[in-house]
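Chain lettering (A, B, C and D) follows the sequence in which the chains are written, and residue indices restart at 1 in each chain.
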Amino acid sequence: MGKINKITLKEAAGLINDGDMLSFSGFTIWRRPMAMIYEMVRQGKKNLHLFEVNGGTHTEVLAGAGCVKLWESCWVGHELYGKLGEAVARGQVEGTIVVEDYSHAHCVARLLAGAYGLPFFPTALSMGTDILNPKFDMFGKAGLRDGSNPKIPLKKYDVIPDPMYGKGDILLMPAANPDWAIVYAQQVGDEGTVRVLAQTYVDAEVIKAAKKVIVIAEEIVPDSYLRDEPALNIATGYAIDYVIELPYGAHPTGSQFFYDVDADFIRAFYQASKSGDGYKKWADEWIFGVATHEEYLEKLGANRLMKLKANSVMGYSTTVKRGTR
Amino acid sequence: MGKINKITLKEAAGLINDGDMLSFSGFTIWRRPMAMIYEMVRQGKKNLHLFEVNGGTHTEVLAGAGCVKLWESCWVGHELYGKLGEAVARGQVEGTIVVEDYSHAHCVARLLAGAYGLPFFPTALSMGTDILNPKFDMFGKAGLRDGSNPKIPLKKYDVIPDPMYGKGDILLMPAANPDWAIVYAQQVGDEGTVRVLAQTYVDAEVIKAAKKVIVIAEEIVPDSYLRDEPALNIATGYAIDYVIELPYGAHPTGSQFFYDVDADFIRAFYQASKSGDGYKKWADEWIFGVATHEEYLEKLGANRLMKLKANSVMGYSTTVKRGTR
Amino acid sequence: MTAKNYAENYKGADLLAVAAAREVNDGDIVFAGTGLPMLAIALAQITNAPNAVCIYEAGSIDGRPKDLPASVGDARCATQSSMCAGLTEAFYGQLHCGYVDLAFLGGAEIDQYGNVNTTVVGNYAAPSKRFTGSGGNPDINSFARRTVFIMVQEKRRFKEHVDYITSPGWVIPQWPSGEMKPKKEVYGKFFNGGPSAVITNMGVFRFDDNGVIYLDTVHPGFTPEQVKDNCSFDLNISRCKGETEKPTVEEIDLLYKKVDPEGIFLP
Amino acid sequence: MTAKNYAENYKGADLLAVAAAREVNDGDIVFAGTGLPMLAIALAQITNAPNAVCIYEAGSIDGRPKDLPASVGDARCATQSSMCAGLTEAFYGQLHCGYVDLAFLGGAEIDQYGNVNTTVVGNYAAPSKRFTGSGGNPDINSFARRTVFIMVQEKRRFKEHVDYITSPGWVIPQWPSGEMKPKKEVYGKFFNGGPSAVITNMGVFRFDDNGVIYLDTVHPGFTPEQVKDNCSFDLNISRCKGETEKPTVEEIDLLYKKVDPEGIFLP
């Protein structure tokens, strides 16, 4: 019989040190641990090293607040609700964020290696692109590949000839093993079993690859319920270090079968994120203007949350207006 | 809307050529495609190359009949119901079967590489064992690693130093890509979606790694039913080439939620398998003595099958006698 | 078969979606990105390719959305899917495994070899502008048998050389040396194919045996010369075989009433 | 705590299972093979290690069987498991990932460094007898922090050199050269640990700092000398600290009434 280690949002964010390497659950604007993102901004985290299979609104919130020093990923934006990742782009152009680009599948390879305890993972995807241009090894140019940081590999990637079947050159992508996985999951059992609904993205891999794991649970349920259908679970209790139970903990990103993406909220953030001042005003209102997650929800208001609430059969909101018609 | 290509057991076995490389679903004495195994013996297949993550009763049935020339795996036996794989052992000792031993996780690595279209997969498991002793590269000693057989890698394995984090030497295991995956699954949809119940073993990987896939379905169900819980499915219709619908198609091995292992049947086979004559008598009765799978079931008899029938809640038989008490 | 009833009134995006849908062969396994590609595959599945299946990189395979997804990670992608897993399954279990026939992708800049840039403007080491980044574009494009790019036609987007090769075309650098070589040589036995068509608001482009882009058909209302004027490189228009087939009334109807009734990608 | 009530009547297998169960620390993540190891972990979970969890290589993680599984692939392993996947998850997602504290395994032959043979008798290239083969034994043993081997004590099984090193002990060959080296050197930064105990029908063995086996306790009814006589190598019995603790009446009761009431492994 395992048990879970329940802590508060403030305690959880307090565990994250400046300079730590972080990775997150979810996909672009779905199932991101937003409550923790906001709290890390409130606590003024600095020099974070983000490894993300893909970025999203959460990345932009952290980058806009100046929390991010290193960003390894392949994409950042807000899907239909914000074309670009303005804060990361600003950081890259102004040189305040060191950006290391990989392809999406390269990032998956790196995380899979980390999840399986392998130092690297082979892939033949995205060969012949500038992602592999040695001139664009930005961590290398910044002198970060000298082995002094155990979280940064000695090489951005390697190439070896296939010794088994002579298929030609293939890439080796270095493992990614973050200090922390910060995960949002719809259901966590009272013994720590974790279930996410609909697409699993790379959540199971993020949990395995990280040294420590914090999970924001939309709800905590009996483990025995999750164990009735074990094939649907993505992690066991012993893989989870801390659990926070927070309804709407992923807002404004979506949580399948609980609530939809808050498109209007993300559109407004995107507009604000286009300038440092704009971001600051937005953050003053939505991050520093509320002391707790409960105040944040109160500020959003009941009706807004009801509009976003997922239809329990379809798994997404059937009442929110999405398009122009 | 996909459709499935339903064929008969005889047609399916007729597709397998002498010398083909085969792999199977299941684990030791669970969920093996026994009806196809029997039919391949009836049709007198020769020189088969088996790559199996692990062997079991099905391996012994094929090996005893002299169908097997090459066997790459890590284990063969009948679990509690037969200590050794007598037919494979005889083949190895007498030199009629070329045996290439890997560890269990090495076999998984090889199949994963095959499933992902990678030429190799890294692993640090089982280093420092005689599995890696170059003197015991039996395919190499038999001159099979000259590249003339595209299914046999140029090396049994390779060793490279970790270039990313300097963790030390690590193994590269060559991909396994069989000509055929012969799979038994409890449920196949009318569009070919495949679901197995309880442990999935390496069934999803076997299906991906193989060039062609034949599935024996305990039952064919509406795809829409399987699509209501897509996270429980292990393959899509386009990955499946042929489907055979056969109740009790895995007997005497077990099928979770349909029937249990037939321990008495396997014990009897194991005793018979200890000598060539014993095997022949057994095969004359249970393989050549029945023309079809229906005759095989008739010979087993209704009550025997009822005893094995799984309790629909527990997923295994709660009436069959398993031990001495 | 009765004569087709072509639409007279349609928007540029409508023609893009329809032309793209027509690139789908029945039975194709399609790996599609967010946006117009989602419209195109959805339309194809109810017109010319009822047996085509769609994979989205977030992990849904052969989904049957009841409502149009707004992105590939959308909960709507999972409805009635054959498998719903994650990125490892999509990229390695399906794409790297070799199942994918057709990639449906977008791009910000393209060169005459089909190399696409979705990463930066200017020198990557000190860029003047950052786009979203590669996402799965180069992965899907690099392993699919055919790739269709859907793009906006502008002189500054159709370039002699793109600022950054995010996604590989027919002639690409082989690293670490960086020597430009045919994709087939760089990919060795991993080679499956490459870009087969580029569809813009002005025309449909294809690639010759040397992997060089040429104008195949020009959209109604444009001339090959106008298209050439909207390329920075010397576009080959000599093989242009005429006008792009217009959307039919039925196709436009399906697009607005069945595929995107909420007006998500088609305002 | 009240004085323990030790059993007077028990079989060799009972003591094996009980002694093995006592090797489990509460909270251990245990990766167990088929047979006695299943009895040992099941007993430990209802006695000294209620928070220990069990992984079986077929893919069930932290299962709570209502009925004793007869093998690791048994449907019974999956009942109320936290995860039920397959071998990739068990071997790579759990074992190679580094979660496993304790391996519970068997073996046919063992040498003084804890190298175990479960593959062949004689020269592998031309063996006189074939056993089942490695299965997951070397994988689980190679990455677990501690391994407990449960074996039958016979002179021909406790050998100076095993015929074939199926599963790695403390001093092992580094390939391709084959030079014998400490496991720590061969595994580099992948090193997690190695064999911590061997439990037979005659005693409990452990390993010294040089990775050499020695007799730690002798089972009631045997003398250290008798154990030494049942080894082909010169067993160190100088560190034997006395008799193995007997099973208690409660433990035997649990073994026969709760763990294996059907008499699957305990006839």
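FYI, a residue touches a chain if its C-beta (ideal position, glycine included) is under 8 Å from a C-beta of that chain, and two chains touch if they have at least 3 such contacts.
The structure displayed is predicted, hence computed values, not measured ones.
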Checklist entry - More C-beta contacts across A-D or across A-C? => result A-C
Checklist entry - Among the chains, which has its CA centre at the largest distance from chain D's? => result C
Checklist entry - What is the distance in Å between the mean C-alpha positions of chain A and chain B? => result 39
Next on the checklist: Taking the mean of the C-alpha atoms as each chain's centre, how many Å separate chain C from chain D?
Outcome noted: 56
Checklist entry - How far is the middle of chain A from the middle of chain C, if each middle is the mean of its Cα atoms, in Å? => result 27
Next on the checklist: Using the touch definition from the top, which residues of chain D touch two or more other chains?
Outcome noted: 60, 78, 84-85, 92, 96, 190
Checklist entry - Listing for chain A: what residues touch at least two other chains? => result 117-118, 123-124, 165-167, 170, 198, 200, 204, 231
Checklist entry - Taking touching chains as linked, do they make an open path (line), a single closed cycle (ring), a hub with spokes (star), an all-linked set (complete), or other? => result other
Next on the checklist: Taking the top-of-page definition of touch, could you list the pairs of chains it picks out?
Outcome noted: A-B, A-C, A-D, B-C, B-D
Checklist outcome for this item: In the complex, the residues of chain B that touch chain A are 117-124, 147, 150, 153-155, 158, 160, 162-167, 170, 172, 174-175, 200, 229, 231-232
Item to check | Sites on chain D touched by chain B in the complex | outcome: 34-35, 57-60, 66-67, 70-71, 73-79, 84-88, 91-92, 95-96, 119-120, 124-139, 142-143, 164-168, 172-176, 178, 181, 183, 186-190, 260-265, 267
Next on the checklist: Touching residues of chain A toward chain C in the complex: what are they?
Outcome noted: 26-30, 53-55, 73-77, 79-80, 83-85, 88-89, 92-93, 95, 99, 101-106, 108-109, 112, 123-136, 138, 141, 159, 165-170, 198-205, 254, 256-257, 260-261, 263, 310, 314-316, 318, 321-325
Checklist outcome for this item: Within the complex, chain C is touched by chain B residues 1-2, 115-118, 189, 191, 193, 204, 208, 223-224, 226-228, 230-231, 233-239
Checklist entry - Can you name the residues of chain C that touch chain B in the complex? => result 29, 50-51, 53, 60-64, 78, 80-85, 92-93, 96-99, 190
